[in-house]
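Should a chain be cited, it is by its letter among A, B, C and D, assigned in written order, with residues numbered from 1 in that chain.
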Amino acid sequence: MVDTLFSQLTTLGSSIALLFGIVLLCRYSFHAYVEAFRWQSLVLAVLLVVVGYFGAASELYLVAAVFFALKVVFIPHYLERLAKRVGAPREIQPYVNVTTSLVVAAVLVLLAYGIMRPVVQAGQLPTRGGLPLAAGLIFVGLFVIISRKKALTQIVGFLVLENGIALLAALGAFGIPLIVELGVFLDVLMGFLVMQVFVYQIHGTFESIDVEQLNQLRH
Amino acid sequence: MVLTVEYALEVSQAVFGLALAPFLVGFVRWVKARLQNRRGAPPWQLYYELAKLFGKEVVVSREASWLFYFAPYVVFASTLAAAFLVPLLFAPLPFDGLGDLLAVVYLLMLGTFFLALAGLDPGTAFGGMGSSREMTVAAIAEPTIAVAIFSLAIGTGSTNLGRMVTLTLDNPATAISPGHLLAFAALFIVALAETGRLPVDNPATHLELTMIHEAMILEYSGRYLALIEWAAALKFMIFLSLLANLFLPWGVATDFSPVTISAAVVAFLLKVGCLGLLIAFTETHVAKLRLFRVPELLGVSFVLALLAVTSSLLLK
Amino acid sequence: MRALFLAMLIAYSLGALAALAGGRSALGRRLVALGAVAGSGAGLALGAAVIATGVPFALSFPWLLPLGGGLALRLDSLGAFFLVVVGVGAIPAAVYGAGYSAAYEDGRASLPLLGVMFNLFLLTMSLVTLADNVLTFLLMWEGMSLTSYFLVITESEDEEVRDAGLWYLAMTHMGLVLLLGAFMLLTGGAVSGHFEDLRGRAVSLTPGTRDLVYLLALLGFGSKAGIVPLHVWLPRAHPAAPSHVSALLSGVMIKMGVYGLLRVVLDLLGGGPAWWGGLVLGVGVVSALLGVLYALMEHDLKRLLAFHSVENIGIILIGIGAGLMFHRYGLMSLAALGFIGGLYHVINHAAFKSLLFLGAGSVLYATGTRNMEEMGGLIKRMPWTAIFFLIGAVAISALPPLNGFVSEWLIFQSLLGGVQIPVPEVAAVMPVAVGLLALTSGLTAACFVKAFGITFLALPRSLKAAEAHESPWSMRLGMAGLGLGCIGLGVAAFAVVPVLGRVLAGLGGLPDTRAEFTLNVFLHTPSGLGQMSPTLMALGLVLLLGLLPSVLWLFRLQRRRRLSDPWGCGRVGQTARMEYTATAFAEPLKRVFADIYRPMKKLTVDFHPRSKYFVQSIEYRSEITPWFDQALYRPFLESATFVAKQMRRLQAGSLHLYLLYIAVVLIVLLVFARWF
Amino acid sequence: MDFLALLFPPLLGALLAFVVRPYRAAVGWTNACLSMVSLGAAFLLAASISAGRHAPTFGPGELLRADGLSALLVVCVAAVAALALFYSPGLGGESPYDTTQLRRYQIFVNLFIFSMLLAVTANNVGVMWIAVEATTIFSAMVIPLALTKASVEASWKYILICSVGITLAFVGTVLAYFDFVALAGRRENALNWPVLLSAAPGLHPEVMRLAFVFLVVGFGTKAGIAPMHTWLPDAHSEAPSPLSAMMSGVLLAVALYAITRWKVVVDATLGPDFSNELLLLLGLFSLLVAVFSLVLQRNYKRMLAYSSIEHSGLICIGLGLGPLGVFAAFLHLVCHTAAKSMLFLLAGEVLHRYRSTELERVSGLIKVMPLTGALFMGGILAIVGLPPFGLFISEFALIRAGFAAGRPGLMAAVLVLLAVGFVALVGHSNKMLYGAAPEGITLGDVPGNWRKAPFLVSVLVLATLGLVLPAPLEVLLDQIVIVVTQ
C-alpha cells in the first residue's frame, strides 16, 4: 500500500522531471531554459525528500537541502547574471528545429526504456519504475548539449544531464554514499564555476558566446 | 714417361691450332672470293700480313695508358689458354681437367673484356663505338652458349671437353639426338656472332656504320695488331673445332699411335674445312644485319638452345 | 673463444668511446678505425676458430632481456662464416675510413656520431650472427638497421640524403614487422623464443603455417638483402652513405638477409616443398637480371654499384634456391653444391663489391663528383685506385682467374645438376636459370667495361677529373687488402670450398661435404659433371703473359714505338668532347631491352620563326624511371594518404560533432551490450 | 603515513601559491622541492608494496588504499609531476607569462597533481571518480594561461567533452552501486573497491554490462580513446608544455587505471570476454585513427598528442589480451610515460626557440639546439619502439601476448598500423631535426645545460627498461597481473 503510493509518487515525480527536460527542448529564450531547469531541479529536490521519507534514508534530507540550495537557488541565479553580462540571446537557434528535437527526444526515451529493462528487472526497490525515465533524462540532457549552439545552453544541458544522474541515484539506490554525494556536489559547483569563467573568456576573446566559432583547431 | 708424352702432345696440339688458325681464316676468305667470282688472295695470305705487322713499328695514341699496351697480351694469352683446353686432335689429355667448356667461354670473355677496354682507352669515338657494340653482342650471346652447354652436358654427362668427346664416342647415339642437332644450330649462330662474321659483323669493312670488331682495334698497329689478329683467328679456330669435335667427335685420337694421330689430323682438317666452307657459303648468301637486328638473330639461337635442352630433358 | 668475444666487444666499445672523446681530431679518426679493426679482427678470429674446431661458442646473459628469455648468444659454423664475412669487409673499410672521413673535418657531418655509429653498427651486425633466441635476434637486427640509418644520413645537410635515410628506415622497419610476424608464428607466442625450441616446434606446425612463416621470412629478409622489388632503398641509400660505409652496407650488411634466410628456412624450418626453393630461385633470377639492367643505365658510379649489389644478391639466391630444391628431392650433395656456391659468392661479393665501393669512394674523394660523364683519364692521375678498381671489375664480371668466376662456376655446375631432379617439369626450370644467369654475367662484363672505361680511361671530361689526385695511403691500403682478397679467394678456391662444406655440415640434414668437391688443386662436382682448377688456370695465364713478350724479344720483334694523335678522319687535335660517353656506350643495350626499360623519350625541335625549314635547336631527352617502383609503391603511398585525408575529417573542429561521436558510441555500445 | 607524505605536498604547494601574491620564483622552486618529497614518498610506498606489504589502507572508512597497481601509477604520477614542476615557467629564465598567470598556474597545477594522486590511491571508486573529474576542472584552468582564441577554444572543448564523458562514467558507477544495493542492501563502504569486488560475482551480468559500457565510454574519454579522443590534440597542443607533459604522460594513464579497476570488478561478474572484446575494439580503432592522423600532421605538438592516442590504444589492446597482455600493457605505460613527458617538455623548448608549432617552420634542430635536438631524437626513437629503449621490449611483449592469446589477425593489423605510424613519426621528426636552420634564429642550447639532467635520467630509465627488468618493477607488474586477472 505504502510502497505503491511511494512508487507512484516517484514515477510521477520523475516523469515531471523528464517533462521539464523535454519542455526545455521546445523553448526559445535562454531565460525559459533556465526557468525550466529551475523547476526541474525543484521537482528533483522534492523527490529526494519523498524518497528519503519513504525509503527511511535520513541523509537524503541533507542531500535534498544542498541540492535545493545549489540547483534551484544558486546556479539558476548565476546563470541569469551570466546571461545579463554576456548578453543572453533572445533567440536560440538550435541545429535541429523544435519538432525534430521532440521526435528525437521521444526516440531517446523509448531507447532508454529498452536499455534499462534489465536494470528494472534486477532491482527490488519500489522506486525502480522511474529508472528508465532517469535514463531518458540523461539522454535528453546529452541531446541538448549536442544540438544547442550557445555555450550557455550547453551548460544548461550539462546540468540537466547531472540532474538525470541525481535522479538515477535517488531512485536506484536511495542516493549514493554521502561522502561521494557531497563530493559530487562539490564537483558540480566547481565545474559550473569554471565553465562560467570560460564563458566570460569566450565572450572576451570571441565577442560572442556562439560555440560555432570555436572551430579553428582542426586535424 | 707416358705423362710427359701426353704433355708433349698437349702442347703440340695447341701449337698446331695456333699455327693452323691463320690458314683457316685465309681459307674462308679464299673460298668466299671464289664464290664471288674473284681471284682472292691465297689462303696463306694472313701469314704474310702477320709477319709484316710484327716487323712494323708501333704507332700509339698520345692519350693511351698502360692498359692499351697490356691488352693485346691478355687477349692473346687468354685465347691461347682456351686453346689448350680444347681437344683438336687428342681426346683425354692432362690439361682437360684444368677447365671445362664454361672456363673456355669465360677465358674468351676475358679477352673480349680487355679488348673493349683498350678500345675505349685512346679516347676516339670509333673505339668507344666498337667496344660498346662488341660488349652488347658478347653479352647477349652468352645465354645461348650457356644453355647449349647445358644440353650438351645432359647428353654427354660432362662439361669437360675431353670427356665429352670420349663419352660421345662411347655411345654415338647422343651425337644424333635432336637435342644435339638443335644445340649445334644454336652454337653455329653464336660462333658467327662471337667471331665477328657476317651477318653480325663484317671483318672486311672499315665503314663505321657497320664495323664492330674492327672499330674497336682501329688504333692498334704493328705487333699489337698482329697479336690481336692472330688471337681472333685462333678464336675462330676454337669455335670451329668445338663445333667439329663436340658434335662429330669421330676421328679424334684416343690413343697415341702414329696412325691414329695422322688419322686424327686428317679428320680434323676435313671437319674444320667443311665448316669453313659452310661459313663461307653463309657469308656470301646473307647480308649484314643492322646492329639492332642482331639481338633477334641471337634470340633465335637462344630459343634453339632452349628447345635443345628441353628435348634432351624429356627424351632422357 | 670467450676471450676473443670479449676482445671484440671491448674493442668496438673503445672505438665508440674514442669517437666521443677524440672528436674531430685526426687521432680520434685513427682510434675509431683502430677499434673497428681490432673488433672485426677479433670477430674474424672467433668465427675462424669456431669453423676450424667445429665447436659452437655459446654465451648467455639471463638477466639481460628477461622478457625474451635472456640475451642468448650462440655461434655455430653458419653464423661463424658470416662473422668472418663481416671481418673481411670491415677491416679494410675501417682502415680506408680513417683516411676518407678526413673529408668531414670541415663540419659537413658530425665525426663523433659517425665514429660511434660505425663501431656500434659493426658490433650489432656481428651480434646478429650470434643471436640464439628471437628477441636477441630482433634486437640486434633492429640495432643494426638503426645504426646503419645514422651512418646513411651522415651528410644530413643534403635533402636527398635524408630522403634516402627515410626510405631505408621505412623499408627495413617493414622488414622487421614481417620478421616479427614470422617469428611469432614460429613461436606461437611462447615466452622462450630459443632457436633450439623453435627447431622442435617447426616440425609440428601445419603446412599452411610453415608456408606463411617461409613467405614472411623471405620478404622480411629479402627487404634487407635487396631483392627486387624490395630493393628500392639500395640505390638510394648506398650512394648517400660515406663510401666506406657503402662498402659495408653493400658488401656485408645485405648478406645478413641471406644469413637470416638460411637460418630460418634451412636451419629452423629444415627446408620445405619444392616451390620454396623455386621461389627463391625465381626471385634470384629476376633480381640478378633487373639489377644489372638498371645498373647499365646508371651514370652515377655509386648508384651503379648499388644496383650491382641487387644483381649479386640475385646470383647468391640462385645458388641457394637451387640448393633448396635439391634439398627437397634429397639430392644432398648437389644441394650442398648450390649452397656452397651461394655462400662462396657471399664472401666473394663482400670482397669485390667493397673494393669497388672503396674505389668509387676514392674517385669521389678526388673529383668530388659521382657522375661518370664528368670523369675520364683517372688511370694516369690515380694509378693505384685504377688498378684496384680494375681488379674489382674483373672479379665482379666473373672472369677467370679471379674469385667471381669460381663462385659463378660452382652455381652453374649446381644448376647443370638439375638434370637429376626426377620431375622433368621442375628440372626444366634450371636451363632457363642457367641462360639468364649467363646473360647477367655477360651484361655485368659490359657494364664494367663502361664503368672502368669511362671513369678511368681516355681524356678527362671535366676540370675536376683533370685535377684529380691519388688518395692517401690509408685508403690505398684498404683497397689493396681487398684486391689481394679477390685474387686469393679466386686462386685458393680448393682451400675455400671444403671450409664452406664444413660450414654447411649438418645444417638441415646436409652431409659433411668437406672433401667431396676438391681434389688437391682441382674443383670437381658430384657425378663428375665438371672439373676445373682456377689455381692452375691462373698459373697458366701468368705463364703465357710472361712468355709472350720474351718470345717476341727472342725473335727481335721489339721494334720502337711512336706516339701520335689518334686517327680522326683527318681532323687534328683530340678533345674530350670526341670521346664516347657512358650514355652512348649503354645505348645499344638500352634499345635491345627497351621493353623492360620503357624509356621516356621526348624530342623537341623548335624552328626559325620565319620558316620551318630552318631548325634553331633540337632537344632530345630520354629518361628511365623504374616502372615497377610506381606500380608497386605509389598505390601504397596513395592509399595511405587517402585514408589519412579521411581521418582528418574526423577532427573537423566542431564541438557538437565531437559530442555527437560520444553519444553515438555510447548508444551503439549500449545497444550492443543490451541485445547482443 | 606515506599516504600523507604523498598527498600533502601538492596541497601545500597550491596553498603556498595561493597565499603568496604576487608570484615569486621562490614559490616555484619550493613547489618543485615539495614534489620531490611526494616522489620520495611514492617510491617508499612502491618499495614497501613490492617488498610484500599487502595493500596498505589509510583514513576513515579506509578512504585510501594502495596495491601494486596504485603503487605503479603513483610513482609515474609523482615522477612526471616532479619533472613538470622542475621545468615549469617562472623558475628563472625569461617566461612568456606574467605573475598572476604564474600564480594561477602554480595553484591549479598542484591541485591537478593532487587530484591525480588521489584518483590512483582512492579506495572508494566514487571518490576515484570525483578525483578524475577534478583533474579535468583543474587542468582546464591552466590551459588558457595566455588568453588566446586557440587556447580558450581548446579548453572549452576540453572541459565540456571531458565533463560529459566523465559524467557518463558516473552513470556507470551509479548503476553498479544500484546493483550492489539490489543485492546486499545499502552500505556506506559499498563503493570501496575490495568490497565491491568481493560482491561482484553475485551481481546481475546484464546490469554490469550496461554499467561497463558507460564506464568505458566515460573514462575512455579521459584516456583519449577514439572516437572520444577529439579534445586531446587540441588541449595537448595548446596547454603550457609542462601541463601537456603531465596530461599526456600520466593523465591518460590515470584514466586507464580507472578503466582497469572497473574491468576487474566487471570481469568478476561476467568473465573477461566482454570487457576484453570491448577494449580490443576501442584500442584498435584508436590506433587506426591516431596513426593515420599522424601521416599528414603539420603541427609537432599535435603529432606528439596523436602518438599518445596511439599508445593508449596499444595499452587498451594489451589490457584486452589476458595476463601476458596486462603485463606488457603496464610496462608499456611506464615506458610511454617516461618518453612522452620528456618529449612534450622538449617540444616546449623548441616552441620557445622557433616561435611556431608548425612542422615546416622547424628545421635543423640538431644544429640550432644540439642537446635538445639529441634528446628529442632519442625520445622519438623511443616512442616509435626502436631499441635500445623500453618500448621496443614492451611492444614486442604485447605482440607476443596477442599471438599467445590466439589473435594473429588482430596483431597483424596492429603491426601494420604501428609501421605506418613509425614511418610518419620518423619522417616528420627527420624534417625537424636536420636540414638548414631558418635564418635569423639564435644558435646554441638554452643557457644552463645542467637543467637537462632530469632528461638524461628519463633517457637512462628508458634504456635500462630496454635491456633489463628491475626486480621491484617486475614484482609490481606481477602483482598487477594478479590483481587484474584474478
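In this text, contacts are C-beta pairs under 8 Å (C-beta built on N, C-alpha and C of every residue); 3 or more make two chains touch, one makes a residue touch a chain.
What you are looking at is a predicted structure, and each value in this text was computed from that prediction instead of being measured.
Asker: Which chains sit in contact with both members of the pair subunit B and subunit C?
Answerer: none
Asker: Considering only mean CA positions as chain centres, point out the chain farthest from subunit D.
Answerer: It is B whose centre lies farthest from that of subunit D.
Asker: Looking across all chain pairs, point out the one with the most C-beta pairs in contact.
Answerer: The largest set of C-beta contacts joins the chains B-C.
Asker: Hey, how far is the Cα centre of subunit C from the one of subunit D, in Å?
Answerer: Subunit C and subunit D have C-alpha centres separated by 44 Å.
Asker: Where the centres are mean C-alpha positions, what is the separation of subunit A from subunit C, in Å?
Answerer: For subunit A versus subunit C, the centre distance works out to 70 Å.
Asker: What is the distance in Å between the mean C-alpha positions of subunit A and subunit B?
Answerer: A distance of 101 Å separates the two centres.
Asker: Provide the C-alpha centroid distance between subunit B and subunit D, rounded to the nearest whole angstrom.
Answerer: 79
Asker: Residue numbers in subunit D touching 2 or more other chains?
Answerer: Answer for subunit D, listing residues that touch two or more other chains: 156-157, 160, 164, 206, 210, 233, 293, 296.
Asker: Multi-chain contacts only, two chains or more: what residues does subunit C have there?
Answerer: 648, 651, 655, 659, 666, 670, 674 - these are the residues of subunit C that touch more than one other chain.
Asker: Subunit D touches which residues of subunit A in the complex?
Answerer: The contact residues of subunit A facing subunit D are 57, 115-116, 118-119, 122-125, 138, 142, 145, 151, 154, 158, 161-162, 165, 168-169, 172-174, 176-180, 183-184, 186-187, 190-191, 194-195, 197-198, 201-202, 204-206, 211, 214-217, 219.
Asker: Considering the complex alone, what residue numbers of subunit B touch subunit C?
Answerer: 54-63, 65-67, 73-74, 76-78, 80-81, 84, 96-100, 102-103, 106-107, 109-110, 112-113, 116-117, 120-125, 127-129, 131-133, 135-136, 138-147, 149-151, 153-154, 157-160, 163, 218-219, 222-223, 227, 291-292, 295, 302, 305-306, 309-310, 313-314, 316
Asker: Could you pull out which subunit D residues touch subunit A in their complex?
Answerer: Residues 61, 124, 126-127, 129-130, 133-134, 136-137, 140-141, 144, 147-150, 152-157, 159-160, 163-164, 167, 170-171, 173-175, 177-182, 186, 188-191, 204, 206-207, 210, 233-234, 237-238, 293, 296-298, 302 of subunit D touch subunit A in their complex.
Asker: In the complex of these two chains, what residues of subunit A are touching subunit C?
Answerer: For this pair, the touching residues of subunit A are 95, 111, 114-115, 117-118, 142-143, 145-147, 149, 211-212, 214-219.
Asker: What part of subunit C is in contact with subunit A in the complex they form?
Answerer: Listed in rising order, the residues are 648, 651-656, 659-660, 663, 666-667, 670-671, 674.
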